[in-house]
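Multiple structures follow.
Shared between the two complexes below is chain A, which has chain B as its partner in the first and chain C in the second.
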Partner chain A sequence: MPIEIPKDKWTGSIRAVTIGATSAEGGTRTKTVTVGGQTTMPYLQYEAMPSGDEAPNKPVIAIEIKSRKPEDWSPLLADVWGEAMADPAQWAKKAEEAGADLLVLALTVEDTPEDAVRIVKSVLSATGLPLIVWGPGQAEKDNELLVPVSEATNGEKIVLGICEDKNYRTIVATAMANGHLVQARAPMDVNLSKQLNILVSDMGIPKDRILMDPTTGALGYGIEYGYSVMERLRLAALQGDAMTQLPMIVTPGFEAWKTKEAKVGEGVPEAWGDWKARAINWETLTAMSLVESGADIVVLRHPESVKRVKDAIEELVTV
Partner chain B sequence: MQHTISFTHNDKQVSVEIPTGALLSDAAHLAGIDIGQPCGGQGRCGRCAVQVTEGNVRRRSTLRLSPDDVEQGYALACQTVIEGNVSIYIPPQEKIERRLTTDRVVAEVTVPEGYEYLQDQTVRRIHLELTPPSMDDQTDDWSRLQTAFRQQHKMEHPFGSAQGGVTCSVSLLREMGEVLREGDWNVTATIETSRRADEQTSRLIQLQPNHIDEYSPLWGTAIDIGTTTVSVWLVDLVSGQVRAQVAEYNGQIARGEDVISRIMYASKNGGGEELRQRVLDTINELIKTACKRVNAKPEEVVKATIAGNSTMIHLLLGIPASNIRLSPFITAVGHPPLMTAREVGLKTHPEASVDCLPGVASYVGADITAGVLSSGLDTAEDVTLFLDVGTNGETVLGNRDWLVTCACSAGPAFEGAGVVNGMRATQGAIEEVWINSETFEPTYRVIGGVKPKGICGSGLISLLSEAFITGIIDKAGNVNLMAISPRVRDGAHGGEYVVAWGAESESGEDIVISRVDVDNLLRAKAAIYAGFTVLADTVGIPLDSVSKVLIGGSFGKYINVEKAVQIGLLPDMDWPRFEFLGNTAVKGAYYALLDWRKRKQITEIAKRMTYIELSADNSFYDAFTSALFLPHTDMSKFPSVAEALSRSN
Partner chain C sequence: MALSGIQIYKMLPQTNCKECGFPTCLAFAMKLAAKQVELGVCPYVSEESKKQLAESSAPPIRLVTLKAGSEIKAGNEVCMFRHEKTFYNKPGLFIRVKASDPDLAAKVAKAEAYKVNYVGMDFSIDGFAVEADGDLTAAVKAVRDVTKRPLILIANDVTHLDSSLSLLAGESALIYAADAQRSDYEPLADLAKKHKAALVVRADSLDALAELTQKVQAKGVEDIVLDPAAATLGASLTRHTQLRKLALKNVRSLGYPIIAFPCDAKDEGIAAAQAIAKYAGFVVLSEFKPELLYPLLVLRENIYTDPQKPIQVQPGIYEINSPKPESPVLVTTNFSITYFAVANEVEGSGLPAWLVVTDAEGMSVLTAWAAGKFDAERIAKAIKGFNVADKISRKRIVLPGHVAVLSGEVEEELPGWEIRVGPREAVDLPAFMKQVLN
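What follows is the complex of A and B.
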């Protein structure tokens, strides 16, 4: 007897968002990345209407690099990236080789606006990957750095971040003026995410230029909460809520490498096993859990995690 | 095509020529007449209303005009298009400042219909003529008095005791002998007949020499102890009239803004006694002020009926309140027994009767049972929503058949506390604000027409709404520092908007609303909105089917419903469904003070109400965060606000 699999019918879909512009599109990227466009809950493509055989955009992996050599990163990361960590352009190239679909370049408080522009340009010329640029995470400094970066890269369709409810106007305004996108981060709450999306889109930026960052926690550090928020955001979107129909970007690399399990190699119980294996497992599992709850872009730090998450995504979409 | 417009203004006539399609406001400007347009000519404020006495015009919007106004020819100058020759009368400014169709003003308090002092009141004055003692009649003074009660007023003791029908305290016994002799055995007794229990017992409150006019005022007081505001009404129990209404911030505010922090403070060493003393000081000072207004003395007040949330009543009585805060959230006493002022510490007549009204639960107290009584919710036929816009944001939903209630911590913002330039709704408070959306210049109205001192609750509602509609703040409450106006600036507490410059204000300092104030207001309105939406959800009543929304609160003499909807404090429904009742708790206490049947009714209300605990699941938190936005994260719940926003842009 044939078994009929029940199918949910959805009225809404996730907006497709394209990052980066090729020379034909007014930029200098050799490839662009498109995320979003889903019409079902993650990996239930057989529910897609009308035919169910259209392949949705796959989740993609961004590798996070920094404008200056980060002193507080795990020695495991310093080992694998080596000298390149001191040179953003080199680091970008190595990240591309490691399989990144796109790059996150995080600026730091030490950068002047001139440094920021110079470093962003060097990264853009080092690789053809689409780029996400984050300010250092202090409202005033973010605005001071991101505006000149945005102007200097007009037309590249980079993603500027990170917009938060207390500081979004300047970033959104400069993104609109220079044809870029923005990343909007709210602290792990469906309503707060939605509210920030409303604030950002109220400024007039088209909705296909917004990436939603619901914030997450690492495995063992609140990931279930992040997972649930992402799942509910996706459900709301599919049910037709226009203000949640945006692709999601999350930062499992940042979260996982903060944990004691990934960071500390000495003075921990023996049962924890090999440090390096554990750290990479932590990042990989965090990332994969989020991919399964609907993440469109996961930002990672270790090349081995990138490889494993990439393989896992392939398996998910080909089943 | 040109038309002639004739204006009558300040008894003068001016005429101008203007083409078809021009606005009346343009014509007035051309005629050199200055019609104020606080909202910037968007038809939002209704302040430019003029009367068309001859000819026809086309009204683009009559948002601010009642059908009666339109009938009388009123039109908004900024929304009225000229299509022919017309004559216009421009009313004087004070006439224009009439109430808007969306304003709900508190009704004056009147004595309940049919109030009969001798039937309804538990306290009364009686004259007694005692037979003087002699060598033939050596009965003791107290028995002599009892005999007079029994023989002259048929006051029998319920158990037939030889002691007679009236009890009294030892301190009265101490002065009794002197009073009897001073009045030459003619005395006036003030007695209270308790009707709380089935049997009636009488207690002597005071004994005065000679006969005092039975119909001269007998003073009682109705008190509401709010977490933020304490209100006292002084009432003549004989006529039933409220003779003075006074209010002041609760002196406990200095030790915590909400009930939780007060309870925590009270549980520290000596904290409870300090809080008790603080609120007593506030109440006693208010009673003194009220008495002064009518040339009475506080010692002449013989009865006090008190409403207040459960924590406030506990703190007043010096009863440990810590279990209110701890799960499973239990009060020490829901319905305190009758007490005397001496025991409680009120500086009225020491024997005055003190009656604390009953509450429902730890977070739904006597202020709400009294509020339900005064709002008439418990006898309503249709489903009615009662919102107490106060620090504890209690909500009651129901009708004569059922009542459910919940409470949420809203904070004191709408009472003007916890807001930098907030104040109570008294003289000098800005109670209404309009902002011109082009220039961001405000126009405001001050209670008493004096220089502004601060902003009261109704002013804050109107200011928040105007700042939002004109884009000075965004939907999350961030001040838009990109707005080009000297009034929008980066202040000590983040972005702020200057409502009144120092040169206009009483203190000489700028009156502002800051980012922090906006946050406090947002939290307050979100808590209240979330409270009633979750309550309605819990019982499966769609908000749409609520026939009336009754609003209580001490944030001003009126509320502009449209503004309260625009900030998402009230649900978006048609305006006639809203009614503003002012301080419903003190009003309920007043009814209970006057009439023992009403007093009984409150006890019944307390028993009938079902308390819904909002902390039982996540739905309140979810509703709260989605309401923490202007007007709400789900814009589809506020269609009228979406329309106002699109008009404004």
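What follows is the complex of A and C.
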């Protein structure tokens, strides 16, 4: 007797969100990136509704670069990016060569608003990739830098981040005024994510201009929470909860490269094995676990992880 | 289907004889329905009822145990997503070795000796998969000289399997595999029965898998493991998910643990990570590589921790490197990961310290702070409750850098104490202790 394969019948779907604008669309990007559109749990395309025949958008990889040479990054990252780390435009080019679908440019507290605008523009002219710009992560400074950046890049459809419950109004307002998107981050909690999405969209920004960042942890440092929160957010979205139907962006690169396992090569247990291979495994396995629990954009740091995750995504969509 | 207490009650003698230790048969039935007592406790259940109850209480995924000097269990899972309940039996990680390999014994010995510590827990590999590309019996002998861990035998020559399994008397090994593309399932099933081994059933469609499993079941084999033979990450995710779903719907022909072979995948690490998160019970790796094994063991621990209970350590005062009265007092929370991040750093530095672990309900420093479980009051309570002052000569505590904002309040709660703010990350603690604390 043939086995009847049970299918969950979902009523909801993830909203498709496009980042970046080409010259025809009022920007200068040579390509745009569209994520979202899923109607099933990750990669279970056999459950797609008949109308959802076309495959959803694949997850994409952003490479994280910084406006100034980071002093606290693992030496392994300094080894691969070399000189480019001191020049965001050059770094952006190298990241594009390394296979990035889009870029994250993280500004720092040392940047002035003029620096920020200049650096963002230099990155935009160095590559044709869509861009995400993060403030340094301090509310006042974020607003001080992101507003002029947003104005100077009107129409480019960049993503501005990171909106949190304490600080989202200014960022959302400037994104709306200049045709950009926002990244909304809540601390690993389904209800907090929903709540923040409501606050952000209540300001009037269209829902296809919001990326949801549920916050994640690295392997060994809290990934289990992030993993399950993402599964629950995706389940809620498919069950029809409009406030969770947004593509998810997560930062496994940032989380993995802050762990001792990735940062430190000497004086660690022999059982941890070869430093470089272990560090890259740390980032890659963190990222892939999140991709399989629903991530649409993973932000990575090491080119080798980028390559492995990219190949794996291709393989995931081939059944 | 699980039966309710009332349904079970109807199958009991209903004499209320109390021999089971419960006042009535109904009380016993309720406990049985809640799986808090074994059926065997009642001596008077009829054979007919026993059979019915056994069937209804069988878990949707059969528990398969591979046993030798140690054992590894797979199966007995009850949900699709870990947040619904939890995942119970961590998939066994096996290292594949070849019978023809001249370095076989040395390779096995190296993997056998592997031990790694993650937040206070020691992890190792679970067993070996021996591939019969040479003399299997000789290989099994050689392997058994170096390890007592459970074995998977990858072979289809019945004679060689028979003599190899004879060497493993008293163990439960796993035979790989009865394959839907071959017609030799019968001798393999007989062999599994004879040697009390488990048998893998392999097929690349679920229909064929179910069909062959039923044939093997009919031969009397109870411990079966499924290999859905998926060639890509997409296929394995799909098939493993379908298998778990079908098993949870009580499709008995597919209610068995799954075996995965990341060793044959394009990217072994990624395939193994997927197998761990997505429903495999046994995972076969190509070779012993600590730089991959360690992250996989950590991932497995993370995915299989109970989402309701963060791993915690006992609150209290911990002595690191034999502290003296003048040694510094460090304060942290009782989330395991936090405790070990700090304890390992200090221990590794060789510097003595008292580590006061507060009861923060198992949360990390910032999480606990945000949730109000790590505040001045709790810190003061810990310092007083654990009688820290009696052990030391200098009343001084060091707070985690992330909660620098607490220092004023802690000062108020602990008059007469000097409050210092340490670095944000534990990695920087040794340097801080050497340079700043004196």
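Please note the rule applied: the second predicted complex is superposed on the first by the 315 of 319 C-alpha atoms of A that agree within 3 Å, B and C clash if a C-alpha of one lies under 4 Å from a C-alpha of the other, contacts with A are read in each partner's own complex, and residues count from 1 in each chain.
Here, a residue touches a chain if its C-beta (ideal position, glycine included) is under 8 Å from a C-beta of that chain, and two chains touch if they have at least 3 such contacts.
Note that this is a predicted model, so its numbers are computed, not measured.
Visitor: Superpose on chain A as described above, then tell me if chain B and chain C fit or clash.
Guide: Once chain A is superposed (C-alpha atoms), there is room for both chain B and chain C without a clash.
Visitor: With both complexes superposed on chain A, which partner does A:D202 reach: first (chain B), second (chain C), both or neither?
Guide: After superposition on chain A, A:D202 lies in contact with chain B alone.
Visitor: Considering only the touch criterion stated at the top, classify A:I3 as touching first (chain B), second (chain C), both, or neither.
Guide: Once the two structures are laid over each other on A, A:I3 reaches chain C alone.
Visitor: Would you check which partner chain A:E292 touches, where first means chain B only, second means chain C only, and both and neither mean what they say?
Guide: After superposition on chain A, A:E292 lies in contact with chain C alone.
Visitor: Touch test for A:T318: chain B only (first), chain C only (second), both, or neither?
Guide: A:T318 contacts chain C only, not chain B.
Visitor: Report for A:K31: first if it touches chain B alone, second if chain C alone, otherwise both or neither.
Guide: neither
Visitor: In the superposed model, does chain B or chain C contact more residues of chain A?
Guide: The partner that reaches more residues of chain A in the superposed model: C.
Visitor: For A:K166, is the partner it touches chain B (first), chain C (second), both, or none of the two (neither)?
Guide: first
Visitor: Of all C-alpha distances between chain B and chain C after superposition, which is the least, in Å?
Guide: 7
Visitor: If we count contacts the way the header does, which residues on chain A are in touch with chain B in the complex?
Guide: 165-166, 169, 173, 189-192, 194-196, 198-199, 202, 243
Visitor: Can you tell me which positions in chain B touch chain A when the two form their complex?
Guide: Result: residues 474-476, 478, 480-482, 622, 625-626, 628-629, 633, 635 of chain B touch chain A.
Visitor: Can you list the chain C residues touching chain A in their complex?
Guide: Going through chain C, the ones touching chain A are 81-83, 114-118, 206-207, 210, 232-235, 237-238, 241-242, 245-246, 249, 251, 254, 266-267, 269-270, 273-274, 277-278, 289-296, 298-299, 301-303, 305, 307, 337, 341, 348, 364, 370, 427.
Visitor: Using the touch definition from the top, list the residues of chain A that touch chain C in their complex.
Guide: 2-3, 5-6, 41-46, 187, 219-224, 227-228, 231-232, 235, 260-261, 263-264, 267, 269-275, 277-278, 281-282, 284-285, 288-289, 292-293, 308-309, 311-312, 315-319
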